[in-house]
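Same chain, two partners: chain A is paired with chain B first, then with chain C.
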Partner chain A sequence: MNKRQPAPRSLTAQLDRLPQWPLYLGILLLYPLLVYPEKVLFQWTEISVGMQLTYIFIYAILALGLNVVVGYTGILHLGIAAFFGIGAYITGILTVPAYPFGIGFVGSLICASLGAALAGLLLGAPTLRLRGDYVAIVTLGFGEVTRFSLRNLEEITAGMRGLNPIPPPTLPAFLATPLSWLGIQNDWALDYRLFYYLALGLLLVVILLLRNLERSRLGRAWVAIREDELAATCMGINAARVKLSAFALGCGLAGMAGCLYATALTSTAGPDAFDFSRSVIMLCCVILGGLGSLRGTLLGVLLLIGFDNVAAPALDGFLQRANINPDDNPWLTFSNWKLMCFGLALILMMRFRPEGLLPSRQVEAELHSEAQLHREGASI
Partner chain B sequence: MSRLDVEKLTVRFGGLTAVENVDASVASREIYSIIGPNGAGKTTVFNAITGIYEPTTGKIEFGGRDLARPFTWKVGLAAALVGLATGIAAALFAVNVDALWRATIRRNYAGPGATFSPSAAWADVGNYWRGQLALEPIRGGRWAIRTADARRTLAFAPNRAEAEKLRERYQELIAVAHYERKPNHLRSTTYIDGLVLKSRAGKVLDRFDTEEDLQLALARYEGIYRESAARRRNAWLALIAGIIAGAAGTLTVWSRARRTPEVIARAGIARTFQNIRLFRNMTVLDNVLVAMDRQLKGGVVRMALQTPGIRRQERDACSSATKLLDFVGLADRRHVLAKNLPYGDQRRLEIARALATQPQLVLLDEPAAGMNPAESLELNTLIEAIRGRGHTVMLIEHHMSVVMGISDRIAVLEYGRKIAEGTPEAIRANLKVIAAYLGSEEVT
Partner chain C sequence: MTPALLLAQTADIDAWQAFWQYALIGLTNGALIALVALGYTMVYGIIELINFAHGDVFMLGAFLALTLIGAMGLEQAGAVQLWLGIGLLFVVVPLFCAVLNVTIDRAVYKPLRNAPKLAPLVSAIGVSFVLMNVGLLWHGAADKHFPDLVSRQNLLGENAAIEFSYKDLLVIGMTVPIMIALTGFVKGTRLGKAMRATAQDPVAATLMGINADRVIAVTFAIGGALAGAASVIYGLYINTVGYQMGFTNGLYAFTAAVLGGIGNIPGAVLGGLVIGLARSFGSAYVGERWTSALVFVILIAILIFRPNGLLGARTREKV
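Let's turn to the complex of A and B:
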């Protein structure tokens, strides 16, 4: 075996090789504690960037769930919003004061995740043997069925009004004091930061668990199914079971995100919040970032949902204050161009970088092959 | 002892017969080649053996047994459970789950601070099922008497006690109406006295001005009775139909998946493909690790948490996969993506991947396709070495240097039939083979 000697690297090249995630994590952890960015830097946007970041974390969990199904396993899932909605409504039913259950946040988080995963299993078990486009149609149909069920089961879901108010989580007593030192009030309605950290924490846990799964037997089986289902089954992989596990996990994560969403909003927000366009936007996030890539999906969510929730309203507000559009001309309102921008971004992506902004293994494997060979060199 | 027995294998696709009455018996640790012109049905034989195609007729036995999944109690239990779940779901739809929710949860819970008794809710499930009239509080402290599904309101009462009495009365009226409107029924004098409806005890339930009014009221109460009876009937129908459909569906799916490639691979038959089917966007090492899936243990939770046991197992798997890659000569390229390997290496990776499933029998479908003479010579030693590791090898090949050099026995297929079988020397001398396969050049 001819080993290449590692070339001496300059300082900047070495810095480039350092992992970057601690930097991003540090920024996200510190952001709400600093007054400066919210009050000065983003003051012109007139919206709470921190609060919107909370929603971005929640959508990130949703997108990561979708990524397990679409990205890893290659099942085109067009109804993820249905499972997001199922999670939200399970949370609503189990926590609103109008119903006798009132099991609180932690219980509802578990029930919403498991309930959505179960719904995924029930949908997937009979349909995942279909191939390709047919599964997409089934999930698309299920998404619409769920939306109309939520609308029409009025006694259970309160129809178009949605279930509210969903009570905030209760903070464990031992956390209240340290948080007050950081200047965080123990009031979920007044201070977005409690929920910010809750969502960020859950997102980190999800990322960690998915990263572990990605590198395990199951993660490999998912990707193998995506790459070549027949070859994978010929290697002894039970395709039905592997696909079902991906589907259930993806839907479970969507349910978890739904629970967080409903709790953050203190309402299930009505059935139309979980329509087809939500599914498609989440799919766009995953495709934009890079199918099957954790980092890519996170970046995709940050860009698309960040654009949707932060940049577009901020620009709208800016245009209004600058008095560019005194007669309320719809052509001069930025929000009306929003979907156009989404579409344009996707077209450009497909043309110039079809594998996504941060594609997964491809780049990773090629980048690390050299280093890993040297590290493992002794073991052969 | 023979490892694989193929008896009278026939595979038809519609009217086209791809393989007809082929017999083959492969001994343990043998190298058995199948040759024949293109379209002779060689790959179809492989596909039938590995479960990609279902044989139309004929038997394939591996190590003396049929590889189809046996019917166990687990299959029966799964079918029963799926059937029950389907049945219950269908029955819930039939009884109107929305109205049931109102009857059980909403009527038993007044709002924040009120108590909720699960036993009362459970009792209301029974009341809903029987179609009992229900009481619901409305604005101003008044009460409404409604049907169980709350689709009709019969009357209002100023307080609870009054409402209970009214409910009693309407319940009796419904019973009377149901009795009186039976088909071919002669008007009874117990319940109808002129224009007055009475209970069995003789209590006056309702008075009417005209016969028409009386008949209209009877029809209305009868309608309420019929609605709840229809709901019960539909629920039973839905339950039974759901159980049958769910169980039958499960058994159908199971019976179609009795002889899948996965079952066969787990039993110890691995294969490569004529048109290379690697996991192209995975690394070489991962390609091999996927095939080792069966040998790795641990559930989803342990994998997600990466427990020390899982990590150790993963390390061991990596090192044995690396050894296997070393065996085919790809160890130093194990972090390259499979699609970036040169053609010959991709073929060898497919062989390594097949070996990683720890098969007893390896089926190689044209392993030397597209290789130059030097490479195919290397392949010969590789196949010999595979046999040396204790595997039985079955081979489809066109390169005569490979076939004649290493085969113990050769079968020749033409138009789906086996025309000859024997040692390489015998095949070389067989006139039928020469005529059919090697062409007329030799004959002239």
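Let's turn to the complex of A and C:
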């Protein structure tokens, strides 16, 4: 009953079928080379879009990790920021001069990912057997415990100040010459583009990994658990193990993003950078884009983090320069409406388009047929 | 309000006196938490929704009280006007919170009644953010002082070993009757019976002629009113309000509800008292800054080892 007749294709529909990702990737690869320094844009927004794009790539990795847990497996994870923070602080401890380790970027990236994944395993093993809303609360509680611990263990985490300075990665010698041909200086602090390409590269690796996982035995098992845990178990899927693997992978990706974030900032930032609202913002990204959809998650990050980091401050700066808000009225700044925007995004999406802006085909079909069933049931 | 501060004047009392003082502080705070927890537990009992926005309704109640106090000029008022004003707060603020809570339910949760379970939960987080933003725009980002309208004078005499002020009396004197009234309502009235029936089995209750929508609306109204009353008491007792107080206190209250067995009304009260005691003793014997983390550790531990809570019935579906 769920078979739909293929609609006749118009030209635009056929154009839509062409893969679009090479275009986007091309823009992202060429943007920093062509628009550097970002004089015009910078004058207009006072924000370096390229630098913010670097952070958007990092948040994209974080959101993709969350998408594995929430989107594929259907576990509502409200504490992803804690694992982001764990990654950042592991990086801090392993690289900051105040500690004797100093193992550098690559080592800390591996350790941060594995450390966060391990934390995810330790939290997930006893709690993932609980039902959905209880897991949500456990992850939320864990997030808060982590934040308070980071704040209170001052001897280890330097409290509210955070650990710094985190040294930049060292560029392999064979890359130095080709990069200088492109006009990129070998100085991480002066030229954002080194980090831009690093983050973009890692993001691409993560996307490739997840694309393949999505279609693997494990990926299908995740989705099966999301759809119907009991049925999946009957088909021979070890639900506990499969859920735990998704949870650990998601947390590990969050740790990786945390390492990148801390290295890009050259500081772990304070513990409050990893609070509940960060978790919810990431959740907003995944839900807005489409649960379980890679493209959707990326779009969600671009829209929401883009709004948060680029559009809102740019518009605020514009209002200030235009002198529209001389008395500093809090109602007239975009940043003060941030929570409202994220909250409304969640409410409206849940109400009117629970599958997200760019849903995965599976979820869309399922929601569609469910709505249909519902309507049929109501008409009877 | 920090228990450590209250105790600063009584530094030379012996350990047992300190213990009882902490116990008293814990029970007072716990009664306050319990009032908020009741709203969570009742809503959960009926529609199985963790109403994240509940804490923020509580926060907006406190903000309304703050605004009203400013508008009525209660800080300069004489004794009679002061008590009349406070009485008025206890009418207006709960009413406001009740209406707000019912409106949220009607506008946001009701269309999602038949959606997958996580959809209303995510919406509730969204509502929480929206309300927080309203609070932020209303009274700004910084914490605000809530006028100290109730005297701190010790009722047990100036030099008594244990401090029990008008403030403590206010908390106990408001929360205990409210809880008794609520229990009477749920146990004794027709509507209360309908509520219990709907909580047990919504379909069967509807078949028996109970208007489930009305019961749900009443539940949200009562939960909101309790949060409103709690917010006024909180303001008068703690004297600091901020737009993020809904989130933290909401989490404490939710922990209390889970601790007692979510959906269970006496459980929420018991849970509130336990959380209050845990926070008070935690700040006394573990360290002030670890108390919040302690509460969440308790929450996680309970969910892992006894997800039905202290008084919750053992049901198969819960795990």
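General observations
Definition applied: the second predicted complex is superposed on the first by the 343 of 380 C-alpha atoms of A that agree within 3 Å, B and C clash if a C-alpha of one lies under 4 Å from a C-alpha of the other, contacts with A are read in each partner's own complex, and residues count from 1 in each chain.
We adopt the following convention: a residue touches a chain if its C-beta (ideal position, glycine included) is under 8 Å from a C-beta of that chain, and two chains touch if they have at least 3 such contacts.
Note that the structure is predicted; figures quoted are calculated from it, not measured.
Contact with chain B, but none with chain C, is seen for A:216 once the two complexes are overlaid on the shared chain. By the document's definition of touching, of the two partners only chain B reaches A:238; chain C does not.
Contact with chain B, but none with chain C, is seen for A:156 once the two complexes are overlaid on the shared chain. Legend: residue contacts after superposition of the two complexes on their common chain; A:121 is shown touching neither chain B nor chain C.
Once chain A of one complex is fitted onto chain A of the other, the partner contacts of A:331 are limited to chain C, with no touch recorded for chain B.
In the superposed model, A:98 lies in contact with chain B only, and not with chain C. In the superposition on chain A, A:224 makes contact with chain B only, not with chain C. Judged by the touch definition given at the top, the superposed model places A:344 against chain C, while chain B stays out of reach.
By the touch criterion stated above, A:148 is placed in contact with chain C alone, chain B being left untouched.
Shared contact residues on chain A (touching chain B in one structure, chain C in the other): 126, 129, 152. Across the complex, chain C meets chain A through its residues 48, 50, 108, 111-112, 114-123, 125-134, 136-137, 140, 247, 251, 254-255, 258, 287, 289-290, 292-293, 296-297, 299-300, 303-304, 307, 317-319. Contacts from chain A toward chain B in the complex involve residues 1-2, 97-100, 122, 125-126, 129, 152-156, 209-210, 212-213, 215-221, 223-224, 227-228, 230-240, 245, 249, 361-362, 365-366, 368-369, 372-373, 376, 379-380.
Against chain A, the residues of chain B that register as touching in their complex are 50, 52, 82, 85, 97-99, 101-102, 105-106, 108-109, 111-112, 114, 116, 249, 253, 257, 260-262, 265-266, 270-271, 273, 277-283, 286, 289-291, 293-294, 296, 298, 300, 303-306, 310, 314, 319, 322, 326, 331-332, 334-337, 353-354, 356-357.
Those residues of chain A that touch chain C in the shared complex are 74, 76, 78, 126-127, 129-134, 136-138, 140-142, 144-145, 148-149, 151-152, 276-277, 280, 283, 287, 330-331, 336-340, 342-347, 350-351, 354, 374.
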